[in-house]
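One chain, subunit A, appears in both complexes that follow, with subunit B as partner in the first and subunit C in the second.
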Partner chain A sequence: MQKTILAKTGNEAMALAMKQINPDVVAAYPITPATEIVQIFSQYVADGEVKTEFVAVESEHSAMSACIGSCAAGARTMTGTSSQGLALMYEMIYIAAGLRLPIVMADVNRALAAPINIHCDHSDTMGCRDAGWIHIFSENAQEAYDSMIQAMRIAEHRDVRLPVMVTTDGFIISHGMERIDTLPDAEVQSFIGKYDPMMHLLDIKKPYTVGAINLTDYYFEHRRAMVDAQNNALKVIKEVGAEFGKKFDTNYGLIEKYQLDDAELAIVALGSTCGTAKVVIDKLRKQGVKAGLLKIRVFRPFPAEEIARALENIQTVAVLDRSDSIGGFGGPVFTEVRSALYGSAKKPRIAGVIYGLGGREIDMEQIEGLFMDLKAGQVKADSVSYLGVRD
Partner chain B sequence: MIEIRWHGRGGQGAKTAALLLADAALSAGKYVQAFPEYGPERMGAPVQSFNRIDEQPILMHCPVKSPKVVVVLDPTLMASVNVTAGLGPDGMLIINTGLDAVEIKKSVKFDGKIFTVDASKISEETIGKNIPNTPMLAALVKITGVLDFKSMMEDTEKKLAKKFAHRPEVIEGNIQSMKRAAEEVKSA
Partner chain C sequence: MSELKKYKELALGGNIEKSGTAVDFKTGDWRSSRPVYHPENCIQCLFCWVYCPDSAVILKDGQVTGFNLDHCKGCGICAHECPGKKKVKAIVMEEEVK
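And then the complex of A and B:
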């Protein structure tokens, strides 16, 4: 199978994946830095390169509402957004998951106002972490492309039937051009297969009600069923990632360990920072420092057991959060990683580090400095600190 | 790995130049990154864009702080922007200016190699517009040897032919501007 090597930005890569998926419906509204995804895709529609019905709506709330309607009608449905756009969808985000609709959404991670800001942090999608969506982060444009294709399979799997968001770091990945390997259209089509919904509104032989009220009688059971679906997704994501690897040579799991097995010091991170951290770790390893990285690719479902196993034998761990839970005890990644380790017999010293809010740069010197601080015992365990902020 | 920083003004094509270089480097089988600095995007405001080119996959996603090469698309920027920031003594500074490189050397605090080429004049004479980015790209490739100049030109011609099939004069103008810039670029 011949892959085509292209220079693509993250947004172009995600739009290309959407083209090759060729969904029945895309409903979307433009927002920086995700605008290009939908703009490029609408060009594919205009040029007749996809058979998609493109619904240009007047807001993101309407975009997700239209997606819910079309997906409930049995159509393979996708969208893309970012930051304030995702915030405006919020009401419908919960409904999409609660109705068990396998919508796939590209989200370019961007800070939330105020102050108004267009740059990367993870606050937007982290704000939806309890909504029931599957949440996949991408280190680079290649992962964004590959994960969009896998997301369709994961979302539509009969044991899952949940919406999936695939994210990239705003501007850093969305607007950065990189080399990516792309698959032939036919291979993508054969990988995702035909969408065969379990139930849909246009199936007149099996009529059903979508969005019925559940009060004290059944609401709890339906929410509990979403938990089971998320737990099933842990297995399904790995299966789909392994099949993708078998066919296209790159394996995907829930987490990625980089120089972690014999590491004494480790950081945990999401997204584009992981690549920068890998370069720092290579340098430190040459100097004899046993440094490692745990990259969390899938934040929902949260792979607590895998994370605990990967980290429990490490001496000192810093968990990097590119979003904060203002007034909470650390960012979302820190609190969940620390909680996952609570039951381990051996626990690392662990600290939370908030960084990069509103696109504040993170460079190799800062990551190296963090490792040096961990080594010197200068990072206080069970504390939360801020990296790269002016006091 | 080679790191490059482009300085221009909004609308001059600093971003496009970085993308073109990345695309040409990709065609030569290399790993590439091209990314702009996003800030207040206005016509005429100082902007920067960046390239990384390597034989190996490029993993880092942090800003370019110590480039090997700096390209200045608009010499008037040098009054307000520190274009040599992070540029080491073994670095190269390539400026679009009608001034002689020896003249420039007197006013720039930089000990490394300085090159000049009047890309604005060249583009006006060949393309008919002040579009300095493609001639500066050619000058950069010629001086640094980061790519094979001949194959880069062939590749660019193919891409232009595809993009401007209905406007052959644009293709010819761009190719001429690139050839001239490569010939006319001078060092101090």
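And then the complex of A and C:
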């Protein structure tokens, strides 16, 4: 199978994946830094390169509402957004998941106002981590492209039937040009298969009701069923990732361990920072420092057991959060990783580190400095600190 | 209502997988006024039957005979649309009294 090597930004890569998926409906409203995804896609529509019905709406709330309607009507449905746009969708985000509609959304992670800011942090998607969506982070444009294709399969799997958001880091990935391997259209189509909506509102032979009220008698049961779907997704994401690897040579799982098995010091991170950390780890390993990385690719469903197993033999771990739960005990990644380790017989000294809010640069020197602090025992266990802030 | 189901027995996403189930739920109990039918003023135009949002106008052999008060919400659309006979309405809304 011939892959084509192309120079693509993260946004271009995600738009290309959407083109090759060729969904029935895309409803979207532009927002920096995700604008290009739907802008490029709308050009594909205008040029007749896809058969998609493109719905240009007046807001993101309407975008997700239109996606919910089209998905319930039986159409394979996608959208893209970022930051304030995702925040405006918030009401509909919960509804999409609760109605078990397999919508796939590209989100370019960007800070939430105020103060107004257009740069990367993970506050936007972390804000809807409890909504029931599957949440996949990307280290680079290649992963964003590959994950968009896998997301369609994961969302539509009969044991899952939940919407999926695939994210990239704003500007760092979305606007950074990279070399990516792209697949032929036919291979993408063959991988995702034909969409079977199971039930759809345009089926006039089987009329049914979507969105009925559930009060004290049934609401709880429906939310409980979503927990099972998320648990099923742990298995399905690995199966789809392994099949992708078998066909296209790159395996995907829930987490990625980099130099972790014999590591004494480790960091846990999401997204593009993992790429920076790998370079630092290579350098430190040459100096004899046993440094490693645990990259969390899938934040929902949260792979608690895999994370606990991967970290329980490490001496000291710093968990990097590119968003904060202001007033909470650390960022969302720290609180969940630390909670996952609570039941382990052996557990590392663990600290939370908030970094990179509003696009604040994280560079190799800072990550190396963090490893050095871990090595020197200067990071206090069970504490939360702020890396790169002026204090 | 029948016995409550367990969560694994439910349809995906709270879908109600068959049609016509509204008849099982009596939605008329929060009505504050009710339509009262005066057949002597009725010309059988069936406007009330067409306009009723709850399908609560009862027809027998194509003729209006009255209202299903288990499902009538008392919105008054039927009375509003009713042309009556010689400007006298065949449907008049009256306050519900407890």
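Everything below uses one rule, namely that the second predicted complex is superposed on the first by the 391 of 391 C-alpha atoms of A that agree within 3 Å, B and C clash if a C-alpha of one lies under 4 Å from a C-alpha of the other, contacts with A are read in each partner's own complex, and residues count from 1 in each chain.
As a working rule, contacts are C-beta pairs under 8 Å (C-beta built on N, C-alpha and C of every residue); 3 or more make two chains touch, one makes a residue touch a chain.
Every value quoted in this text rests on a predicted model; they were computed, and no experiment measured them.
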| item | value |
| --- | --- |
| First, second, both or neither for A:H119, with subunit B first and subunit C second | first |
| Touched partner set for A:G352, first subunit B, second subunit C, both or neither | neither |
| Which of subunit B and subunit C A:R224 touches, first, second, both or neither | second |
| First (subunit B), second (subunit C), both or neither touched by A:P301 | neither |
| Partner chain(s) touched by A:H175 [first = subunit B, second = subunit C, both, neither] | first |
| Which of subunit B and subunit C A:Y208 touches, first, second, both or neither | second |
| Footprint overlap on subunit A, comparing subunit B with subunit C | none |
| Residues of subunit A touching subunit C in the complex | 98-101, 161, 198-199, 206-212, 214, 217-218, 220-222, 224-225, 228 |
| Parts of subunit C lying in touch with subunit A, wherever the complex brings them together | 4-8, 10, 12-19, 21 |
| List of subunit B residues in touch with subunit A within their complex | 18-19, 22-23, 26, 30-36, 38, 57-63, 65 |
| Contacting residues of subunit A [partner subunit B, same complex] | 5-7, 33, 118-119, 139-140, 169, 171-173, 175-179, 272-273, 275-276, 278-279, 361-364 |
